[in-house]
Amino acid sequence: MHALPIANTLERRKAFQSFLGVSPALIAISLFLIVPIVIVIGYSLMEANPYGGVNKVFSTEAYTSLLFERQLDDSLAFADSYLLIALRSIGIAGLTTLITLLIGFPVAVWLAMQPAHRRGLLIFLITVPFWANLLIRTYAWILLLRNTGVINNSLMGLGVIDQPLQLLYTDGAVLLGLVYTYAPFVVLPIYATLEKMDIRLLEAAQDLYAGRLRTLRKVVLPIAKPGIMAGAILTFVPCLGAMIAPELLGGGTRMMLGNLIFRQFSDARNWPFGAALSLVLMAAVMLVLTVYALRAERQRVAKGGA
Amino acid sequence: MLGLFKRNALQVQDFPGFGGFSFLFYLYLYAPIVVLVVFSFNANQSATVWTGFSLDWYRAAFANQALRQAAGNSLLIAVCASMIATAIATLAALGTSRGARFKGLQLSMGAIMLPLVLPEIVVGVATLALFSTIGLSLGYGNLIIAHTVFCIPFAYLPIRARLNDMDLSLEQASADLYAGPWRTFRKVTLPLLMPGIVSGLMLAFIVSLDNFVISMMVSQAGTTTLPIFIFGLLRMGVTPDVNAVSTLILGVSVLFVSLSYLLGKKNT
Amino acid sequence: MSTWIKSISTSLFLTLPLTLVASVQAAEKLNVVSWSGYFSPEILAKFQKQSGIEVTVDSYDSNETLLAKLKQGGAGYDVAIPSNQFIPILIKEQLLERFDPVNEPYYASVVDNLKKPTWDPQGAYSMPFIWGTTSVVINAERYKGPADSYKVLYEPPAELQGRINMFDSVSEVIDMASLYLNIPLCTEDPKQMQQVLTLLKAQKPFVKTYSSKAGSIRENLASGEVDMSMFWGGSSMRAREMKPSLKYLYPKEGVLAWVDNMVIPKGSKNPANAKAFIAFLSQPENAAMTQNFLKHQSPIKGVEPFLDASLKDAPELHIPEGTPVVFSKTCGEGAIRLADRLWTNLMR
């Protein structure tokens, strides 16, 4: 692919100006994100100092640790420990994405169908919790879920149960917290695509005797698809590295990748391993995003873009 | 309130059950917040058994110096980071959406969005690695730098959206009237762009204020931010002063967001 | 009207953070990092009133976290409170300032067996702050069986299964298991560590949470979320005040003992303030305030007149005759690596 040379000086100057405009952002990000990532790659190939930090000695121990475990007697055995945590994280992230999509879709559809004057307020109401601190909101779930929390107290008070249900420190609690965190990220993109939908399409479907379910499947869903994809990505990617919900609601026994990585830089004092894990996580994220970008590009070209 | 969820005669755009479901959804969103607020007024030491109305915990929260310090730190960092990030983002948005295409445009846009798509923990680790390697130890400065970087894409998105929506004809008209490019920018483009810039600023501000993971990894002595402070309180267990502090922060955030929403409405 | 609102909000936006920060910037500062909840607001207020120095307190829940923080460099803390077994490591890694408390007047009031201790033979780097024991706390209402051995912790009876909290720190968990298995602390023998690992792994399905957050554990014990936990003596007493049926055990295998000491990390920006703070806390009256608050044991002589009555007969502070008291030891690098490996294996 070979573009025509920019013959026009004016155009060249404008292109240069654009570049100038973008440069502070690029400099900031290269310096404080891209260079650091290179440093992280470096760290992952160094030896861990048992008291924290790194020894500047080349070592691939960090990467071996991902799949193999040094047994207490120094032999290497295939270790599924971290693979398990990684798979669990992917599983939970996937499940969270699925649940948020299932919950978010009907809400987005309903929102889009509201009369215009109500919509602004309803959207505002959805975003308000988002602006409150995530730690606080997740902590509030502890208040609801613990053995002497609101839910258990109410159920016991109503006589439905006589022993408190174990709600907190379970996988379910973590899932609940994660879905809670990412729900707005799903509702809003789907809503954004549906907002522009022409109502007449629905009317046409009705005229052709399509039932509600059929209309939903054949008319609404295809239009919402880009929003669904965006929402899925916006949930799945951050959820892989989620830390707060698993930490507060999981009780220290349900580690996900985010907690595992964080630990390496605090108690576990194994920076190279933390670095290696971060890179693996980053690679996974890049993979997902590239797949998404390629699909989006293919769809755009298919629609007749250029 | 419930009127919002009622439906009148079944119209073509109504899907049965969706209204009820949405109501439950809003309930789910607000339940923890309501519980938090209600129990912050609890007279009891225990955080979840209601015994009576009391403002004690609020008094304690206001008197808490560490809380004021942490809040001040968070606000200072958020103001600086959001302002710098918005300035950088405005330039970047103008560069990517207004100017001519230059080589590497797509790549630049990808780079700008990078902090947004990477998981926070990865960004935190990378930033820590950088500061640790070069031994940067500026206290507030470290946090401001870290926050500015991840705020850039948050500020960038609304500004770019606004730019794309803006009517080019006004700028062209200004050019037709012999206004130089700088004049056009100041008198036409910038004012029109302002709602987008303000949006970006607010978004960056809230994102910075709320940030926990990256701040936790990078923070140094004496620069505790509000979320880190709250996490420290949570170590003490579930106590009503956490509720009171949380409610206060919640109230301030809601106030802030409502304000920007109302301002936004008046502008369009 | 909207411009009016806009100008007000903009000015608030710009000035509020500055005023908040300025209002707390004026004074002399001191950055302390300690076990969470170690300082009551009263004692900090008293210090500030007396000296004009403003104290900020960051916290950690395990010595390992503190080690990581100090090693990270540039953390800028003026006072830290590590446990005794970590002090030789900190000294060796050159992470501490030498401030020679042994030459200070307040050193005379340290109880004799803690003067110039094994972990700081010259009394050059640390000053004892508080000491205590680590054992197990159990809800006697829920479990009425024999409780004279750690067996109840590692092989829990049905009524306690799933209601246990274990600490989230490598050294403490392994030390207690070593005590139970009659293995020397800080062993470098992989076979012995394997025994520990097997024991802990067998226990894991019955453990609800792994946490060292004192306040959180107290809350969970009081609310019944957890009915048995590894715990420290004083913290156990504070929990007992919330729930009288809690009992602190003195197993026949012995209890672990620890001494938390005040140190000045290297790179402290306010060493004079740090020394003033340490001197302040070492006065008998203030040491008593600390003991009244934390309910552990004080290393300072002369605190008795200032202590609360409830501490006099507290079982958590009186070790029965014949119970072995085992002070934690500093582990060599080999032992630490082994311990780390065990922990990752356990914590999948």
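Order of writing sets the chain letters: A, B and C. Residues in each chain are counted from 1.
The criterion applied here is as follows: a residue touches a chain if its C-beta (ideal position, glycine included) is under 8 Å from a C-beta of that chain, and two chains touch if they have at least 3 such contacts.
These numbers were taken from a predicted model, which means no experiment stands behind them.
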item	value
Shared chain contacts [subunit B and subunit C, defined touch]	A
Maximum inter-chain contact count - chain pair	A-B
Where subunit A and subunit C are represented by their mean Cα positions, the distance between them in whole Å	36
Centroid spacing, where centroids are CA-atom means, of subunit A and subunit B in whole angstrom	17
Contacts with two or more other chains, residues of subunit A listed in rising order	53, 146, 148, 265
Multi-partner residues of subunit C (at least 2 other chains)	72-73, 223
Residues of subunit B touching at least two other chains	46, 128, 132, 234, 238
Subunit C contact footprint on subunit A (complex, rising order)	49-53, 69-74, 80-82, 84-85, 146-148, 164, 166, 168-169, 251-253, 255, 265-270
Contact footprint of subunit B on subunit A as seen in their complex	6, 11, 14-26, 28-30, 32-37, 39-40, 43, 53, 103, 106-107, 109-111, 113, 118, 120-122, 124-129, 131-137, 139-144, 146, 148-150, 153, 180, 183, 199, 202-203, 206, 212, 216, 237-238, 240-244, 248, 257-258, 261-262, 265, 274-275, 278, 281-282, 285, 289
Sites on subunit C touched by subunit B in the complex	2, 5-6, 9, 13-14, 16-18, 20-21, 23-24, 29, 31, 33, 36-37, 41, 54, 56-59, 61, 72-78, 213-220, 222-223
Residues on subunit B engaged by subunit C in the complex (per definition of touch)	46, 64-66, 68-69, 71-73, 75-76, 78-79, 128, 131-132, 135-137, 139, 220-222, 224, 232, 234-239, 259, 262-263, 266-267
Of all residues in subunit C, those that touch subunit A in their complex	62, 64-65, 67-73, 89, 93, 162, 168-170, 190-191, 193-194, 197, 204, 207-211, 223-225, 333, 336-338, 340-345, 347-348
